[in-house]
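Chain lettering (A, B, C and D) follows the sequence in which the chains are written, and residue indices restart at 1 in each chain.
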Amino acid sequence: MNQSESLADQTPEEAAQLEQLYADFAQNNLSPLWTQTNDLMTITPASPAVPHVWKWKELYELARRSGDLVPVGRGGERRAIGLANPGLGGAAFATPTLWCAIQYLGGFETAPEHRHSQNAFRFVVEGEGVWTVVNGDPVAMRRGDFLLTPGWNFHGHHNDTDQPMAWIDGLDIPFVSYADYGFFEFGSERVTDESSPSVSRSERLWAYPGLRPLSGLQARTSSPIAAYRWEYTDRALREQLLLEDEGQPATVEQGHAAVRYTNPTTGGDVMPTMRAEFHRLRAGASTRQRQEVGSSVWQVFDGSGVVVLNGVEKKLERGDLFVVPSWVPWSIHAETEFDLFRFSDAPIAEKLGFDRTFIQEEVR
Amino acid sequence: MNQSESLADQTPEEAAQLEQLYADFAQNNLSPLWTQTNDLMTITPASPAVPHVWKWKELYELARRSGDLVPVGRGGERRAIGLANPGLGGAAFATPTLWCAIQYLGGFETAPEHRHSQNAFRFVVEGEGVWTVVNGDPVAMRRGDFLLTPGWNFHGHHNDTDQPMAWIDGLDIPFVSYADYGFFEFGSERVTDESSPSVSRSERLWAYPGLRPLSGLQARTSSPIAAYRWEYTDRALREQLLLEDEGQPATVEQGHAAVRYTNPTTGGDVMPTMRAEFHRLRAGASTRQRQEVGSSVWQVFDGSGVVVLNGVEKKLERGDLFVVPSWVPWSIHAETEFDLFRFSDAPIAEKLGFDRTFIQEEVR
Amino acid sequence: MNQSESLADQTPEEAAQLEQLYADFAQNNLSPLWTQTNDLMTITPASPAVPHVWKWKELYELARRSGDLVPVGRGGERRAIGLANPGLGGAAFATPTLWCAIQYLGGFETAPEHRHSQNAFRFVVEGEGVWTVVNGDPVAMRRGDFLLTPGWNFHGHHNDTDQPMAWIDGLDIPFVSYADYGFFEFGSERVTDESSPSVSRSERLWAYPGLRPLSGLQARTSSPIAAYRWEYTDRALREQLLLEDEGQPATVEQGHAAVRYTNPTTGGDVMPTMRAEFHRLRAGASTRQRQEVGSSVWQVFDGSGVVVLNGVEKKLERGDLFVVPSWVPWSIHAETEFDLFRFSDAPIAEKLGFDRTFIQEEVR
Amino acid sequence: MNQSESLADQTPEEAAQLEQLYADFAQNNLSPLWTQTNDLMTITPASPAVPHVWKWKELYELARRSGDLVPVGRGGERRAIGLANPGLGGAAFATPTLWCAIQYLGGFETAPEHRHSQNAFRFVVEGEGVWTVVNGDPVAMRRGDFLLTPGWNFHGHHNDTDQPMAWIDGLDIPFVSYADYGFFEFGSERVTDESSPSVSRSERLWAYPGLRPLSGLQARTSSPIAAYRWEYTDRALREQLLLEDEGQPATVEQGHAAVRYTNPTTGGDVMPTMRAEFHRLRAGASTRQRQEVGSSVWQVFDGSGVVVLNGVEKKLERGDLFVVPSWVPWSIHAETEFDLFRFSDAPIAEKLGFDRTFIQEEVR
């Protein structure tokens, strides 16, 4: 006799006793496992988050309207509008662990400096003219660049032009909030260095293939490279496809080139909680269907195609964003050459031993 | 002018536009950062979980009543009653990441086998007679023992006597549920080995100081020692205090001995998400006040004393449990010799670079 | 035409020019590769060291005579007689990297304190009564014990009885000498603590299965356990054979139990350069033939049997020592239950990526 | 009474007994420690290797003469002439662990393919026109480039021009020979890919700042970057000095820029046994005096200056090589802007816990 059958057989007196027991549990701040096993311990991951696509055009238009109506400054700190996963009750959480927002800075505006435990990055799908200043080092933001602000680094942004600029921010805000890890400190109202160099000091010291300054041999939990420039990402992807053409092993699967942004001091992920990658599919190519533990957010950088999430196909164009909750099957199909930026919480699952991936044998 | 002042100055028309903007955000599954910065990004960790003490006597009595009313078996799986932190809305979460329950097994009862991604352990404050069977290896449970069931190991329990037994379970259920990492698989209805040896095969192979079988040299994410016996824990603590008496460095601080349970294949924590320790204070001794990132659960094993949580003093006796949310100041004061078991989510914060500790200079 | 043929074809004039070239090389402290490739870069490792067996009876008798004739004290430092591999030109090198000596201490004698970069251990095949004092901690030496003195720890020995005692020392002296890594410092003439406790402070703090003092959480390059006692080694081996009897995986191969001594803070080897293991074969059991990169030294602890080295069989009895140079095939065959201690330089090859092992499929 | 005094006091009979004892030691392949402690265990490292400078002009002229007289081909394998440290008895060992040779390849010559356990690199001080083919990947060699051939990769060289080319090879031949780690296998007589691309496939896949191909996420003991190009090394050094000019921390010490070549998959050294670095001193700058455990070889790449080794000053010009044995004090002084390549065995000492460095406080 299993447990539910047994409970079904109970007499009215037993039912009353049970009701009293449950009331006493609640009274004593206790809660039984046996009534919630199915919800708490699922057969496979069953995220409350849902797959969803946000269209860049709509996102940008709302950001632009915010630019007119909402000042940027101390208190609100940033004019950032977060993706709110429809399954997560309205909170600005793209997935249970990840924050993704469009940030908008008008001409000559400044977002004041602060620092926090949360790790952050920016990815630029279009525009330029803003410098993000990380620990006093001004870092130019341009289309295709991936820019880091690891936890507890002071940072602010300033627009050095008369034109607005928008980009996406990725942070581990939901995770840090959930786990109660957050510290925050206000900094300067203005950025501490308002110059606008084309290359940051961080890059001048660190952004070389395989070279490390002797003045920087100590261990780093996050990458010291403040900006991963489009020039290199693009070239790396192009070369992978050319090598594939030459019959060399280089791509992830046929027609699918990809790079991971890494911390040159470890070879591992750029920051302890977030993984970032860039994927390029040849026109007509498809990825195999994958299921992965942990969640991710993708943004189309260029081209057009389709993502299939849980069997549902969605059309994608430049700037569009979509989220893949844990264990949701996904595959991508390129109509044109198709470039996508991706970030995920994979380092958390990997460091804690929960990572699993299932890859379907055949491309559909 | 900061952001909130600026918003205060708005005209009715601006207010209407802003209202429309927020409605459009909601419509498009977006949420602005600037209205929620303070909640999401706190100056120091501000957990919704609260410090709380559960009295063992009450807990045990409720468990005993469950033993009469609720069968144990397939479906509910375990007669386990979880601590529900008063700040976490009634869910059986001791802290945002940790589950802690009293589990109760009547004479000759069996809890069926299953396995799950969630890591689990048992700690025994009183009683004996139950064997937990981990991957087919029967492990005796006795007062003072700390017993492991790392993720994805089949396990069940059976009571080999006519007397009930109760113990506490610790798991990372809330964390795995939150992060969507959970897999679950049902196993045998009965435990797969019903024998009742005094020492498990795991201990016979692994539980020696500094010795490792040549047949077990591969890497392990969790400790292969299924049971950490009281005999060794007690002796280690006693020797630390004796060494302190002899003027040798051995204790954490004056009168405060402590050991960490570790994975002998790495020297690190027993499981990837949970740390477990045992602390002994001499009668009259006090710990310095500490604040730590991450949360923990304590159980009094023996003796009596007091815990001060956020400045509020609580009396503690054998079996009593209390939780310390992230960054809540705590200190412990021993009336008699005072033995406490502790587990926490510290490995998560450490592996992800969020760990911080603040220790007050002086004992109060 | 290959190089040697080509050189064979040369005219007298060319030969003279070549001779002049070689003379000019020598004059300029240069040396050509092409004349020495075969010696320097062998097809498989071809050690100058040779397999060899030393008989304990002879070794002990010579040590005893030294006890009468040679004082122990400052300058010579130790009454230790090193195994001199017949292939290594008379130096006291058991293998190119490893030192192994019999050390002999008469009744009430003291070997003065010193410290050095070289890592050292003692293994006791018979006798007792000596305490080795490591950084002020007196460690009793008894049959079957394995005792550590990692690099740069002060240490001396004193005999607390009127009977002599002998044991073997293992060190990385040849390696440290070769690589020019050695530092040495004289310490106290007498041992700094002349007490004779049965258990050392190091063991009282560290020698528990899977427990680590909270006062000792920092990283350690060498094991903090000063003594690995025979009681545990013996029990671990006995249990492996019993588990094998019960049909459980526990032994290295049929009838062959083995443990590795490890650093509880890492799960790795006890010291950075040396690996130590203990092997037990059932009467009649045989190991498969192995070839390993790197060298090792074995000592028979109990029982009798045979070792086959490069196809040559040698009879072994209690206390006998033998060396296995790099890549020399070896196998062991037990006549009685057969206990052997082993140490090697395997950590060097492993950390530097040179490790390879070839195991013959079938037992002969 | 210490040991030597005691031996001095012996009677003729005792002396005879002692002589007999020593003879019996030798007869039994034994050797006492007490007669050799001082040599084997020195107070500080006392290498038989000596500091020495080789002049590039002389080296090159001898290599050129070899080009006329000695064919390159199977058997001798390479036209490489090794630095023979004057303290190491004529063997082609630059230091006890390191090999450094000038290799010379005439117009259109080929050095046949082979592979070996030994790790190798090339550094090019002048010339171009040779491709080294590593596992089938042709890698162009040009002035300033640092090129890798980690252990067990097939490799050969071919000169695609009618002009000779010379460069230096660095290997761990002496170490591998000493420790008996060497395996060797002959490959193709001709290089397996005779094309002459300006960029290797390895670089196209791997040589980007902070980017890693998703097809190459597995662990690597050695760097997958076959060529570290001068363009990046030069730029990194130039930027360090510019950053210093701007008041930013970037250099090792005033006027002294330096980079380490690293494995992008770990952030560590390019190969398990050898470290490689490039140093640039401003005209007039000096390094502080350093003593390091382990040995190194330096080559002047450009400019002129002075090295002080054990207090003896030596003038240096382009291409000159010098060796620094373990613990020998060294400092460098630049007359012009002064560029130097350096390689060492530092990873061995570091991985085995023997590393120590002493840096004099003040520049002379």
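Following the convention adopted for this analysis, a contact is a pair of C-beta atoms (placed from the backbone, for glycine too) under 8 Å apart; a residue touches a chain by one contact, two chains touch by 3 or more.
As the structure is a prediction and not an experimental result, all values here were calculated from the model.
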{"item": "Other chains in touch with both chain B and chain C", "value": "none"}
{"item": "Identity of the chain that, by mean CA position, is farthest from chain C", "value": "A"}
{"item": "Geometric centre distance via CA averages, chain D-chain C, whole Å", "value": "29"}
{"item": "Centroid spacing, where centroids are CA-atom means, of chain A and chain C in whole angstrom", "value": "52"}
{"item": "Whole-Å gap between the CA centroids of chain A and chain D", "value": "43"}
{"item": "Residues of chain B engaged with two or more neighbouring chains", "value": "none"}
{"item": "Arrangement of touching chains [line / ring / star / complete / other]", "value": "ring"}
{"item": "In contact (per the touch rule at the top): chain pairs", "value": "A-B, A-D, B-C, C-D"}
{"item": "Contact footprint of chain B on chain A as seen in their complex", "value": "1-4, 6-7, 14, 17-18, 21, 24-26, 28-37, 40-47, 49, 52, 54, 58-59, 62, 65-66, 69-86, 90-92, 96-97, 101, 116-118, 151, 173, 176-185, 221-222, 272-273, 293-295, 325-327, 345, 347-349, 351-354, 356"}
{"item": "Residues of chain C touching chain B in the complex", "value": "201, 203-215, 217, 223, 225, 228, 232-233, 235-236, 239-240, 242-243, 246, 248-252, 258-267, 270, 277"}
